[in-house]
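You will see subunit A twice below: alongside subunit B first, and alongside subunit C after that.
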Partner chain A sequence: MAVDTQAPSRGFIGASYRTCPETGLKVCSQAEALIKVNAVVAVVFLAVGGFFGLMVALTRWPAVHLLPADWFYLLLTAHGADVLLFWVIFFEVAVLYFASAIILNCRLAAPKFAWLAFVLMVVGAVLANVAVLQGESSVMFTSYVPMQAAPHFYLGLIVFAVGTLIAVFCFFGTLVIAKEEGSYEGSVPLVTFGAITAAIIAVFTIASGAIILIPTFLWSIGYISHIDPLMYKVIWWGMGHASQQINVSAQVAIWYAVAAMLLGAKPLSEKVSRMAFLMYILFLQLASAHHLLVEPGVSSEWKIFNTSYALYLAVLGSMIHGMSIPGAMEAAQRRNGFNNGIFEWLRKAPWSNPAFSGTMLSIVIFGFLGGISGVVMGTEQLNLIMHNTLYVPGHFHATVVGGTTLAFMAVSYLLVPLIFRKEIMFKKIAQWQPYVFGAGVAGISLFMMGAGTLGVARRHWDMGFSDAAMSFDYPATAFLMMGLNGIAALCAALGGLMYVLVIVCSVFFGKARTPESIAAFPTLPKTGGAATVTTYGSEAHPKLPGTVVLVSVFFVAFVLYYYVNWKYLSEVWPLS
Partner chain B sequence: MAIFPPQNRLWWKEPLSGIEITWIGVAFVWGLVMFGTMVGWHFVGKQNLSNETYRINPNAFGEKVEAMVERYQVREEGDTGIPVVHPAPGTDIYMLGRLWEWYPVLELEKDQKYRLHLSSMDWQHGFSLQPQNINLQVHPGYEMVLTITPDKSGEYAVVCNEFCGIGHHTMVGKIHVIDNK
Partner chain C sequence: MSDQNTGSGGAPEERVPAMQRLLDNPFLLLFMGVATPAALYLLWGVMELSQIPLAP
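Coming up: the complex of A and B.
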């Protein structure tokens, strides 16, 4: 491994590289710079959007009821857009560049376009935020018609989407260059494969977004007189749902990457893991139906086909990853010598390394809380007792915050030393961060699901209905749930703050990594990282009793919870 | 190592491990069971949505609602000025959502069937019947029709659970279910 961090060597076609002293990978400096800026902007949006989320949660805490109604709806709109769109997608672009240029040892395709993409995304995101904060666009980030936002709200989203599309094409271009220039041997690594999945879905997603947002923009400036509200929803969720599959693909790719880098884990079978990624592409495109299960004018046949064929086979993909990754970890740990009993491999895992603990918590919260609740809610009839209640945000905070966001946080602890080449500062805070954030997020997910089960509406300023002509009292437990939700939100916000603090300080004020510090505190432990390069490939097939126990617990929980909800459903008024 | 190319470039020709095959089998069968449960509920379950929907002009819907109010009004709800209607069991009943009320208040008899028509005059609204927790989406321009059989008497609230602007949280309606005499 060459230790030459200072003087970048000039590659052909003017691209310059350095060699990573820790992994031996060749690092394209354009790719590196773009990963940095996209990641930094992502973190800024997480900080801003997370703060809005806290304000929203404190308003929904009945005893606190922080904001007035107009500010509540305004900040709720900004929260959804800033975290779900801007934080997640900026970070995903960084992941795409990492999974192509860095992992494949290649230069980034068309760096000028990648910069253009970045600028467009920033401009679009800022424009949408300005529109929302001006107060004329409190329409929620889903912006269902016929409620209308200011034109520059839609324009901001469109410009952002165009930027993202360009970034995705730079990713594909890089893959082509890598292949042509032979920068890697054989098939692409699994992590890159996962990123390709994400990128393919992204193209589809952005196309749906354009199909619906462009006419909506024209409608907002008066060029089109009418947009059908049902058609809007069908197409909007073609984007909105499929884009969640981008998040899942990116997050699963990160799970594999962290398991590989920290434990030296290799997939049990490359075939199974790759097929599971392909299932996301094949079966998710149509699955907008589970957002439309109680909508007028949508037939039962379409709903059932769409939620089962399209959804369950994609769920199957996630269930496969959910077993394969712990399985790969167990196999690697047993090889590393932790072979006693059923769970020694898990007990002796590097729990004090935030990259590892964040990844594990992400897997658990995503699978147990987010996955199970998502399938239940996406069942044609069960949706009747959940649609638009707080159950829905409860579910997706488990997936997109506990799953995706936590996975992105975890991988940041590897990106900062490897890409930014800075030491992580405040190591103790970093060590606790995934636990604090994970506990808070698990809390807000569970308490919002609980309140939703009791009927509390989402996107609602006043569950006490104090200004309403006719009133209704939710059960006292529902109020308790929302109080606990507020406390959990404080915990999640603290965890988010710890993350931002550690990452921002490390990036801007951290000590540069030197060959000495790398030798003393390697980012990739001996058991992982480059040490196993020579023996990569599929795992031989050992016994994995720990994983069998874990997936069995998961499966039993899934089946029980699913049928408990059918029991709830059977108790409501007969409908036909 | 998932971050390096696979040793065996023909990754799709690899053998599967026993534990993976078992899990895939279990998960796949579970998917079929869940599919069967959804389909089966249409035959044995009592809670299914009808697929009956019509396109309708909001004003035309408003007229149908008014006709019902004129025919069946029995009183006003408290001092709200909103009419309470007591339609004949087995008939078509209507509720409309508009900024920011559910109109009118319905009085129904327990264990009787009604054909409930829902639509919106302006934006989307969410029909959330509490404490039953039955939730339906209400669109302008679409008239959704479903048959309901209230099987417990009492006072029920209709909370709006689709965000519909600044008065959204004040949008609450009522349905009374009374024991038949």
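Coming up: the complex of A and C.
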């Protein structure tokens, strides 16, 4: 691999490139710059929104009860928007550019539009934040009508969505360029296919958002007199739920990417993994209906078709990924020589590399905590025992924080040396970061689910009902759960702070990578990772006893937990 | 949009299976991925809501 090609060179279409000294890939300088700015802004929103999350959690800790009620709802709204929309989507745009221009080795389509997209997204996100912080828009993440926010709240979200849509089209355009210029052969690599899945779901998400948010904006400035609340809910969740599926697709693509880059892991079967992504494209978005499971006005047929029959096909897709990624890692590790017993491949994996440990924790937390609780909660009958309780935030912190956010953090430890070309600073802190964050997130997920199982409502300032006309007592265990949740939140916030510290310092003050440091500490170990992530190809039929054991454990946990919940349900209305 | 003629004249092209042609075509996938939820979730859902009688 040549190391002397740092200087940008001009390609025949006028785009400038450099050759990456670590991977040998041609890196389009526009794509690289856009990945950088989107990722940096994402981290800023994570820092701000994560801080708000801590404030919210400390308020829900009964012994602390930090904020007054109006600030609680204000910061809860800001928390949801800053982390779930702005952190995640800015980072996803960076992932889309990476999975197209960088992995396909070609130039980014329409970089001017990509910059416009970035500017619109920043303007929209800042506008929405201003609206919320001014205090007239504490409508929470879902902004259900007839609650009304200030017009610039909706306008901010719309401008942000327009920017995102432009970015998604730049991604599709790049695919076309790569095809025309023949920068890859045959089919796109699997990671790019995962990004295509995310981009497709993003288009549906943004379309639903436009259908509902534009009229709501017009209503907020008085041009429309009435928006039907149920109609709002149905269409809003076409956006609100589908946007989570962008996250899932992007995060799964990252799992494959990290497994390939660090271990040289090829998918067990390209075909099967692609079919699993196809299941996402077709069915994952239908599960939006699980947010309306207790709503009158829509039929059981509509609910059950969308949340069960169709969704289970998408869940099948997730389980395929969940088996095939550890399987691919096991196969690669055995190829790399860790062939003793059932679990040597796992024990001798690079656990001190935060990119690897973050990815593994993301898979485990997403699968065990987020996946299982999601299937339980998405079952029409079982949903009744946890609808609108803290079980819901418990579940989605396992998916979007333990799963998506942790996966994005993990891949950041590769992006900083490869794209920003900086050394990671504070290596020890970086090494511990995924564990601290993962433990905290697993804690807040489990404790919120625990409190929710005991009936504690979500989005509720005072679980003691101190100033309520009619008093109500939750069981003492519920208060204990919320105390433990506060402690876990401190741990998660510490993990988040460690991430922000390492990444921001490395990006802005880190030492530049030099040929010497690249030779001494290569980002990608010599397992053919760069070639694996950029090409199509499956592992040849390996034996995977370790993965079989892990998958069996998962299924036993799944089945047991599912039946426990039917038992809970049966106890809700005793018959004798 | 699938990968045909790479220039080599003589050798007979291997037939690409239908499923692979689908998976290699992002715009067809885009269409399917938007049309399916639009029909089964949005349209069906909105149709049901529009049939709820208004209170007198």
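By our rule, the second predicted complex is superposed on the first by the 562 of 576 C-alpha atoms of A that agree within 3 Å, B and C clash if a C-alpha of one lies under 4 Å from a C-alpha of the other, contacts with A are read in each partner's own complex, and residues count from 1 in each chain.
Just so it is clear, a residue touches a chain if its C-beta (ideal position, glycine included) is under 8 Å from a C-beta of that chain, and two chains touch if they have at least 3 such contacts.
The shown structure was predicted, so the numbers you read here are calculated from the model rather than taken from an experiment.
Undergrad: A:297 in the overlay: touching subunit B, subunit C, both, or neither? Say first, second, both or neither.
TA: The answer is both, since A:297 touches subunit B and subunit C.
Undergrad: For A:201 in the superposed arrangement: first (subunit B), second (subunit C), both or neither?
TA: The answer is second: A:201 touches subunit C but not subunit B.
Undergrad: Should A:242 be classified as contacting the first partner (subunit B), the second (subunit C), both, or neither?
TA: Once the two structures are laid over each other on A, A:242 reaches subunit C alone.
Undergrad: Quick check on the superposed pair: does A:427 touch subunit B, subunit C, both, or neither? Answer first, second, both or neither.
TA: Once the two structures are laid over each other on A, A:427 reaches no partner at all.
Undergrad: Once the structures are superposed on A, label A:348 by its partner contacts, choosing first (subunit B), second (subunit C), both or neither.
TA: In the superposition, A:348 contacts neither subunit B nor subunit C.
Undergrad: With both complexes superposed on chain A, which partner does A:511 reach: first (subunit B), second (subunit C), both or neither?
TA: The answer is neither, since A:511 touches no partner chain.
Undergrad: Check whether A:278 is in contact with subunit B, with subunit C, with both or with neither, and answer first, second, both or neither.
TA: After superposition on chain A, A:278 lies in contact with subunit C alone.
Undergrad: Any idea whether subunit B or subunit C touches more of subunit A?
TA: Of subunit B and subunit C, B contacts more residues of subunit A.
Undergrad: First (subunit B), second (subunit C), both or neither: which does A:306 touch?
TA: So A:306 only meets subunit C here.
Undergrad: Scan A:228 for contacts with subunit B and subunit C and give back first, second, both or neither.
TA: Both subunit B and subunit C are touched by A:228.
Undergrad: If I apply the document's touch criterion, which positions on subunit A are contacted by subunit B in one structure and by subunit C in the other?
TA: 185-188, 228, 230, 274, 292, 297-299
Undergrad: Mind listing the subunit A positions that touch subunit C in their complex?
TA: 172, 175, 179, 185-188, 193, 196-197, 199-201, 203-204, 207-208, 228, 230-231, 234-235, 238, 242, 274, 278, 281-283, 285-286, 288-289, 292, 297-299, 302, 305-306, 310
Undergrad: In their complex, what parts of subunit A are in touch with subunit B?
TA: 69-70, 73, 103, 138-140, 144, 146-147, 184-191, 228-230, 256-257, 259-261, 264-275, 292, 294-300, 304, 307-308, 312-313, 315-316, 319-320, 323-324, 327, 375, 379-381, 383-389, 453-455, 457-462, 465, 467-472, 474-475, 532-533, 536-539, 541, 544, 547-548, 551, 555, 558-559, 562, 566, 569-570, 572-576
Undergrad: Taking the touch rule as given, give the residues of subunit C at its contact with subunit A in the complex, in rising order.
TA: Its residues touching subunit A are 1, 3, 20, 23-24, 26-27, 29-30, 32-34, 36-38, 40-42, 44-46, 48-49, 52.
Undergrad: Which stretch or stretches of subunit B touch subunit A in the complex?
TA: Subunit B reaches subunit A through residues 1-9, 11-20, 23-24, 26-28, 30-31, 34-35, 37-39, 41-42, 45-51, 53, 77-78, 80, 82, 101, 105, 118, 122-124, 126, 128-144, 146-152, 157, 159-166, 168-174.
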